[in-house]
């Protein structure tokens, strides 16, 4: 409501070279399963972010001062999903090469493939840690290999080791794939107790990571507006606790991250507000741990 | 709410060979412009149709007795829009060859290409009459030639003469195409007065027609739930008057039709109820004029 | 929002003996067809009425000064629909006997039976004029003779002559009943042009009338929130024109009226605001023509 | 969205004799208290079930292979609630006699009376275990003995012992009834800690049970769309834990079950998705423990 | 959704000196009567404008080429309404002095006072023509002289002659004011037939005008999302016809205009799309008639 | 739905002198941050309260028997926020002087200033305990010192010691104020574990308290309909546990309380039902501990 620029957090616009974080909105939706609307996710996160407090009392700082630039939204290309993914990769790659951390706002989960690949091309040892109610490990879905339901399979095929927490919906095909494939590990929801933040950190070896956060990891009670809201999900405090631990680890380096699968029913909702606050919280933790504040 | 079968109108299921009309739900949405939800259109029309009165006092008959069979919904194929369109064409062709009139329920307008082509392959002299707020004559849109915004251009390229009424949103490119192309005629909304049903009938030469009805032809006051609700549209009574005249003409034969671009916000709404009643009204007029009642 | 009493129009509460009009909320819903919510109709009309201007520039007066008292809502009785209807009749009868005009706010249309009967018991020559998209002339519906779909049949059976305008959905059974029964006349929507207010007045012989206004008479564009929103309905100005003519006729006396079948989706909506204004407009015309202002 | 049959889970249709589970939709709503919409519950559960994964990683199987048949929806009968309940009992009895497990989808809670009675007639030693925020033990409510608020009282009167967990809203009359009546036991929400699944199992003696699951047992945060959403309810994981324990007990046999009181605001929502997954989870546990997989 | 700048129409950003039109969003809401949400009006109009076709077939041109610049939103100031209005006046005055036409997007109607005053200070002979369902002529409302319900009274007090069309809700106080005051003329809705565009033009003497368009002038069927949706309003085609005539008059000069009182329920809706198209249509007519295209 | 008076709980109306609790609806909204609608909060709480069970099984009594009177809603005064607050203080003071406990229903949080001051004038030793996701300690916000974002600062300035639990959004300015000011203590959400009810009670010295409950203290999963829904909030059971302990302390006396910041999207929702039940639960605990039952 302030006389703000239209961007993530509504902060004064800065030049690209002063930005450590580049917010990339990817309003892309093609193959959604159940509740539609992920195309409106990025705009909704940006709108809600204008009501997020800039100061964070846990960090004791204003993380936006590390330099956050909102990029123009990636233009959809409906020629094919494959083309869309490669467009995203190209956009992201430019920024990654210039040393900025690209923060992807989805859009459906398939956008993570383009983003992860952009990082992977620069950092081939990079691993991927994802948070998701679904395994997303299908070979193909609804006629395409680029569906959200295939994204972790495609990322695994790039050569990245993948670690996924929170899965509580998986097909027999994906279960078989998991049992016969190396480099793809899943922590199922039914094996996650209150101590999962520590347990999952324990599963993750040192190294550089890309984080892909599908919002359906969270319980539908706190995040109802997503493509397929699976009951039995996870909560805010424990999720933040995981990130505080993980990002604070001296043996871990985070390359970049995305937050995807918001399907907002209005422009500003509790779900989009949470998503905006999650993005800013992760940025804050990264800024502090990289010594940028 | 009656102990009905789940189908259009909730009538007793009949065998395919007894059906003169085959309702084909095509829950396909990929390139929608403004308000999402066309993937839910067909299910919503079917749900609402269960509350439509079977008797029609204008026809003085129960048109469902002519034989209406609801087909399974066409499965989306997200490999590419082109593939999706060819799948629809194949499904529809089987029924057209066996003499059934396929009634397409969209889904976004691009589904009309597959449907129209299925008819055109059997009846190469067929023309297409469409009702639409938009010209849908772009060469390409958002990276694809199979967008809803290109559908009439593609149909024209099949070789069909096309006639569109109700246009009140058009790009310069489409306007230029119209002025330089034969076989594509548009009756603009700003040229349509209260007598447009007669005027438009006057523009349509004798012959066989496929009817494509994009619900955004109607005024958003009576049909708000559509992809791009352009103000200044048309109303129920005048639209029905057009169809009564057109279908009643002895020099006209209707090959088939579709009703597309319903983007319902709930399962049963005034918009979907209107769409269901429109489908049944057209079926009724066809049944009477073909002597099937 | 003013420091108002909670009642129709939010006007100062008056004693029953000073009231010429008694507003009776009947939040009753049991057999609705398509869109649920008529049980919330009365409260919604009352809430919206608090935003209706008390002065009416056409009447050049403030009709509430004639004396309007809002009664407590009629308590639902789910023993059976028959019991519910007789409860309503008893409540209304008390007021009718004492000379107050009871204004029923529905609730589903079946409540009109109890209201009309209360008047009829005092005034056996009374006729009923109704506005409805449906004929409501079924012998029985969904296992009961007291459904909204039977209400005009039941009222006819009391001995009242009934006149209904606006019908655009009717079953074969009801059509047959109409053709073989005296004392039940319908003006079908497809026979109603812009001059219907005069035509319908011409059909209505002199005498005393009860008015039952089912809001689905109106076009769904102006009144979408009703049980079964049939397209091709009627508009505000022409409806008010009818009432101005009808209530102004020296050969007509209005006994009472109801407005039913509002199914609001929120507490205050354009539909409920219209319904509230319609109720107040009719009250205003009655107050002026009875010389109460 | 697949080219599925319209039924629970969207699986291929099977013949009645191959079905171990018969899904009975009962779209019945008459006496709801607070938030309307239970009549749309069954259709919404079925729609959402089409997005539930057929494989269950906890069961390590696809429970639908045990044989699930979706019956036509029970037709409402508004003659009286008593009549409606007896209709349900008759429909269910046919299947119970033929050895199928009827799975009731509500609809308001009063439908459980007809279902439970159908089982009880075959198995007079059967007990009933219910999950509910309300005691539902009133003698009469809103003029009828067949309201949802009376259903457990009526079931107790059949002769069944009843056990209810989760109650956090009860009237003085019901409290007095509980204290003076044998065979009706309630575990109040304020006495249920994190170990309630074990505690409640401990209260339930060996034998055969009918399970009635009123969705308002759950916390409104995970199940907001129900008739009366009482705060302080229960969560997904603990509820599933109860069922895993209960259904796995060798001294327990489950006769049948229902899931009622979903009042969906749209066709597919997080609430209806949860309800669909709950139904399938219980079916899966029953299939495994009965050796049907 | 294209890779657009975030501004009205989503067109490439231009410098202030190249702009003939300056869009000023005023997301201000304090005293709304009935349906809340006008604070979200400007953002919603801007979002919807991104789906409005840039070419206008009636103008045969792309009006945005005349130079349209979207200003930052006016920051709310809740010290008092008086202060808010003076802030708006100051912002607008800067642009008016530099020769740009400020196009105000509301926000509630009280914002028009600041805008009109900014123009009036430069052009003391300016008149105001407004479109409104309400007279907005109260001396004071809800404790303040700066409510939306007083805005035309305040503008009259500046010294402007005011002309309002469409009024169908007025208090006795306002009626008395009208009858005793010069320089304030109202064309009541009940006196407006199909020829009102001509009649109203006939009432408007030559000169320079500020146009204030309260969206509740329109019928709630085409514009339901406004503060107080009065039935019996006006339609798109006749409204555009008025503006085509009025703006085309050689004896009329338009100083500036605003479109206010959109209360959108979601970010993009049929109401906000209509409002966006109306703003662009008026800009187009002004651009053509000023010779800017 | 019962034939109830329109008041909190729908109980029989009583005279003011018999009332121990006076419910004061304050439908005031002017400076809300994110999700609009607090002006509808009081009416929504009252509507929902009609579905709250009068008997409370934990108290084993019907607390309404202690005497609850619903006052007319406080009329908004938009002259300025300062004026509005002083109006509330005057209304509340009359009741406080006569010994009634005023229960404020918001409306935005700024209304608490008027209420707290009314008590403070009679009881200058009174402290304030508040529940809030935000510190509300700004000196000024959006041009006014009377915004909801400043309310605890203003209350501190009266001379009250203030204690706030649940804060998880705070600005640097407020943090600095806290660190440099005596008499303002905050228990941050990130320091609150499962034992916070005891910890917070331990922070609160003996004495007399006013309780201000901003509903955004609660987690958005159980209370999504509030102005700014901050994730990581608190739940029903633990909150009730706090109040049971606090109100039961022999060294504590509660002067009065308010429940504010409900922004309901419909008239009756899970959020408003929870708010109504919370108000009644606190009343019940006060009634028991004051020996009024």
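Some observations on this one:
Per-chain residue numbering starts at 1, and chain names A, B, C, D, E and F are given in the order in which the chains are listed.
FYI, a contact is a pair of C-beta atoms (placed from the backbone, for glycine too) under 8 Å apart; a residue touches a chain by one contact, two chains touch by 3 or more.
Keep in mind the model is a prediction, meaning the values are calculated, not measured.
Touching chain A and chain B together: D, E. Considering every other chain in turn, the ones in contact with both chain B and chain C prove to be D, E. Centroid distances from chain A, each centroid being the mean of CA atoms, peak for C. Centroid distances from chain B, each centroid being the mean of CA atoms, peak for F.
Interface repeat of A-B: among C-D, B-D or B-C, over half of the contact pairs recur, by residue number, only in C-D. Our note on geometry: chain A versus chain E, Cα centroid distance of 42 Å, whole angstroms. Inter-chain spacing, taken between the CA centroids of chain D and chain F, is 38 Å. Note: centroid distance chain B to chain F, computed from Cα atoms, is 56 Å.
Contact with two or more other chains is made by residues 1, 39-40, 75-76, 142, 219, 221-222 of chain E. Taken chain by chain, the contacts fit none of the simple shapes, being neither an open path, a ring, a star, nor a full set of pairwise contacts. Inter-chain contacts occur between A-B, A-D, A-E, A-F, B-C, B-D, B-E, C-D, C-E, C-F, D-F, E-F.
Those residues of chain A whose C-beta lies close enough to touch chain D in the complex are 33-35, 142, 167-172, 175, 188, 190, 219-222, 224, 228-232.
For chain C in complex with chain F, the residues that touch the partner chain are 1-6, 27, 39-40, 43-44, 47, 72-76, 265-267.
Chain contact summary for the complex, chain E toward chain F: residues 29-31, 36-37, 39-40, 75-81, 83-84, 141-144, 146-147.
Interface of chain E with chain B (complex): residues 1, 48, 51-55, 57-58, 60, 62, 219, 221-222, 236-237, 240, 268-270, 273-274, 277-278.
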